[in-house]
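My structure is below; once you've seen it, I'll send some questions.
By letter and in written order, the chains are A, B and C; residue numbering begins at 1 in each of them.
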Amino acid sequence: MKRKLSSVCLHVFLILISLASLIPFWFMFSMSTYKSENIFKNTPLLPSNYLAENIKTIFASNFVKSYGNSFFISSVSMVFCVLVCAMVGYAMNVYDFRFKKAFYTFIMLTMMVPSQIGVIGYMIEMRNISMNNTLWPMIFIWMANGFGAFWMVSFIKGALPFELVESARIDGANEIRIFAKIVTPCIRPGLLTLSLLIFLWSWNSYMIPLVFVNKQDNYTIPIFIKSLASAYRTDYGAQLTGLTLATIPLLLLFIIGSKSFIRGLTSGAVKG
Amino acid sequence: MRRFFSIILTAMLLVGMFTGCGDTAANSANSNDAAANASAGTESTEAGTASDEAVTITYWGWDSNYYAPMFEAYTAEHPNVTFEPTAVEWGDMLTKVQQALASGSELPTIIAMDLTLIENWKDMDVCEDLTTYGLDKSKYVASLADMATTDSGKVIGVVENVCPAGIAYKRDLALQYLGTDDPDELGTMFNSYDAYVSKGAEVYDQSGGTVYLFHSGQAVAEWFYFASDIANQEGNTLNYTSKMTDVFSKLIALRNANAVDTYQNGTPEANATFADDLHIFYPCPDWAISYYILPNDPEGSGNWGVIKAPVSYAHGGTALGITSASVDTQKQAAYDFITWATSTEDGAKVARDEAGYVTAYTEYTYDSSFTKRSDEAFFGGEDISTLFYTDIVSEMAIAPASPWNISIVNVRNDVAQQIMDDKEMTLEGALAIGLDELKQLVTDSSITIE
Amino acid sequence: MKKNRSIKKYTVFWPIVFLSPFTIFFFAFNLFPILYSFYMSFLNWNGYSEKTVVGFDNYKAIFTVDTTFWKSLLNTLRIGIVGFPIAILLGLFFAVLLSNLKKLKNLFQTVNFLPYITTPVAIGMMFVFVFEQHIGVLNKVLTFFGADAINFIGSTTYAPYVISFLIIWKCTGYYMAMYLAGITSISEDLYEAAKIDGANAWHTFSKITVPLLKPVTVFLIITSAIYALQLFDEPNLLFTNQSSSVVGGPGQTCLTLVWNFYNQAFGANPRMGYASALSCVLFLIIVIVSLIGLRLMNGKEKDL
């Protein structure tokens, strides 16, 4: 009986905590169904009827284009980053080479190098290779991600049986083939987890686009939403509608992928 | 489940690649077109004919209440001209252009330059001298045109509007708390700053502590700042203390009388107060009618009025300039548009009727039959046109700009908010905080701050 | 072991193939910009006029006349020290609670992870809606209970803690997921053994769970320290959504290191050279913090 009671208490507590996480989302959604002028008149607990109008406003502006840009940036960054990091993880676990220890320290350091404070140099660099008016500066910055490399090294260490690689070598497969056909399936949960994180981080990235986006054609979602505030009348309702629409893909990805994501975290994790 | 997820991920990736690539292809096609147009355009100008070639003019600015109707009207008359405006926040304009210069990104053809920041625009030296296109500066209001002229005589922009400012009020609240909604009577009642202080305390008490004269300390500080005729900078000296003593002491007096609420100016929640029944007065330049009042109180027609401030003043003003970065056809087309918007009857009428802006082209500015606004019904039929463009324009003075204006404005906004937040803050305390901040912001060691 | 050709293949050729993309990209897009910033830190340049070489003047200025830099360092520390430890502790606490659940574990985990995936732009707007004095939900609750409304966002006293709270709200779910992953990988046998020995819940927690989660904790501390030192998005987005916005929030109490850097580089009176010097100092600070972290992680390194 006592056990049951404490279990009920635990559940109630966790539900309350979860509500704290969810309430702002609810407000975001609920406010996105209001006309801007009406949002502040009362506390918008329940949805109103203005969602369609707000969506119309959003779609009449640069939303679709910005959405496409964000999608492109995040997808390409994700693919490159995960591939590059998985290669590092593979090499660090199956090969023995001279500067391995030094390289491991190097990876740890890369994880700690803050890329956004190099933004002035990065800007000049991009100018010199004529990339400034493109989306690529927002992608390049993700290509060598220290966290990703560190993550893949420790994940592969736990998930890849070395015998598998050895027997494949005996069968005469070359390294690229082993990596693509044998190792990749083994480490899929880790790849998925990292993919989700990189997609998330680049989708939400703010400072780099703030510096590099100078025209409407290149807007990413965060910059687009900010720009809605610069019209002479802050269209709060439309802004929130935009945010709701921008959050949906991430929400879906994480809800659909939550099992894989958690499995990835668990089996790779940062184990001792 | 895993399979399903990976399929979704792959599909997303493909879509992403697809749209991305499609976009890039489309973009490059566009820019090729633009280049082709540009070269075609150049040839025709060289041939000395007026160009009917398609030309695209890019524009950066924050005031879509002005540029959207202007572009629409101009494109209707000149179908070969396409405008591509990018909305940039007021506070981000300088930053965006500086970033573009440093990173080598494209600048727009036309930029909107707030007169407050005009010295920074002069320093940046990105604008064409408009006199080379045949601009006759003397036809514009001299004080404004001079602000957009560099020491060497380059005219970097055409001022799109004169900005006489008064105090707008809500008629129903004025009637309820002040006993009258008649602009003349209110004008007499509020003929001094002290009157605002004493009436503010009365209204607050009478309403049981719910109704304020003003909604935001920052808005009030902005008013006093523009109404003060002390120049921010003289030679290498910033007149911080004298100017801000003027501003902060008045704000503190109003705060102590509970005449000002604590909203932060320009936030969505502050803008929502235009439609509430708790705040009576708003400092109101003529452009604020289409920028703030109409969009935030669309159902308020007939409920608004305007009176003169104790000291008539001007607030704001925007100059349109042409950057050197564009090709000649674009620049010429941009110049044609700017002169159309400011100095032709057609353009000036669109500005007057659609945006509520009165051009700084003297032929129209000082013509009382021209400056008749079309939105007087919104003000209960009050003759705000005469008020703004005859009474206030003739009295108002404009303080010259300093390249450190944005820092001063930043400090003003910050300290005004702190004054409102900390009811104990004294004038000395406020000045000291502001001075500390300003010293850090003004990084040029040759400048002294008084 | 004989050093034949096939070994060499695995000790030189393939490692280079697999490691070079990362190394090249890192040098090209992450390290080079910082080195270039180092070069720029000896210049006086506003981004568009002529560059002039000023030697160490920028660095001298940082350490002598620039009080804003030190203020921003203090602000960052204050926001971080209040925010991150609480988020990490809460993350651990919830992870332990959740690990006892049989059902609904995934659901709770996913729901609490959601704040982490939200765009900072959205968080900025939603928090205004919670903490603002007049329309904020929190103040509506306060006034309902008869208290005075507090201007959390406009006040120099509360504003930094709003940022701290924002961090807690955002990161707790992420830390929880990390800890939960760690807990799941602790062997059940240990807990069974503890049970047989009659250990109570607190003992199990303090003697088994916490020590075995040390690598996770160290990892989270290091990454959150780096995150804290780079704080920019959240304060910037919370305080620049209005025409009268002030750089650094009310009284500059939310001006973080990176915001200060950004403002020096791209503000109204830009000083790219000076900002580069700031970024180099910041880089040094982060490297020092990281090296301390590396030492903490040393045990991990030895395993490899």
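The definition used in the following text is that a contact is a pair of C-beta atoms (placed from the backbone, for glycine too) under 8 Å apart; a residue touches a chain by one contact, two chains touch by 3 or more.
Quick caveat, the model's predicted, so the values are computed rather than measured.
Chain contacts here are complete: no pair of chains fails to touch.
Should one ask which of B-C and A-C has more C-beta pairs in contact, the pair is A-C. Each chain gets one centre point, the mean of its Cα atoms, and the points for chain B and chain C are 37 Å apart.
Chain C has its Cα centroid 15 Å from the Cα centroid of chain A. Counting only residues that touch two or more partner chains, chain B has 89-90, 99, 102, 267-269, 272. Within chain A, the positions touching two or more other chains are listed as 40, 124, 211, 226, 229, 234, 236, 259. The residues of chain C that reach two or more other chains are 135, 241, 266, 272, listed in rising order.
Chain contact summary for the complex, chain C toward chain A: residues 10-12, 14-15, 17-19, 21-26, 28-37, 39-40, 94, 97-98, 100-101, 104, 106, 108-123, 125-127, 129-130, 135, 137, 140, 169, 173, 177-178, 180-182, 184-185, 212, 214-216, 219, 222-223, 226, 229-230, 232-233, 236-237, 241, 258, 261-262, 265-266, 272, 275-276, 279, 282-283, 286-287, 289-290, 293-294, 297, 299-301, 303-304.
Across the interface of their complex, chain B is touched by residues 46-48, 66-68, 128, 132-135, 151, 153-156, 240-247, 250-252, 266-272, 274 of chain C.
Residues 36-37, 39-41, 65, 68-69, 71-76, 78-79, 123-124, 126-127, 132-135, 188, 192, 195, 211-212, 214-217, 226-227, 229-234, 236, 249, 253, 256-257, 259-260 of chain A are the ones touching chain B in the complex. If you check the complex, the residues on chain B that touch chain A are 1-2, 4-6, 8-9, 12-13, 15-17, 19-20, 23-24, 27, 58, 62-65, 84, 86-90, 92, 96, 99-100, 102-106, 267-269, 271-272, 275, 290-291, 295-296, 298.
Partner chain C is touched in their complex by these residues of chain A: 10-11, 13-14, 17-18, 20-22, 24-25, 27-28, 31, 40, 43, 83-85, 87-88, 90-92, 94-98, 100-101, 103-105, 108-122, 124-125, 140-141, 143-144, 146-147, 149, 157, 175, 179, 200, 203-204, 206-207, 211, 221-222, 225-226, 229, 234, 236, 239-240, 243, 246-247, 250-251, 254-255, 258-259, 262, 265-272.
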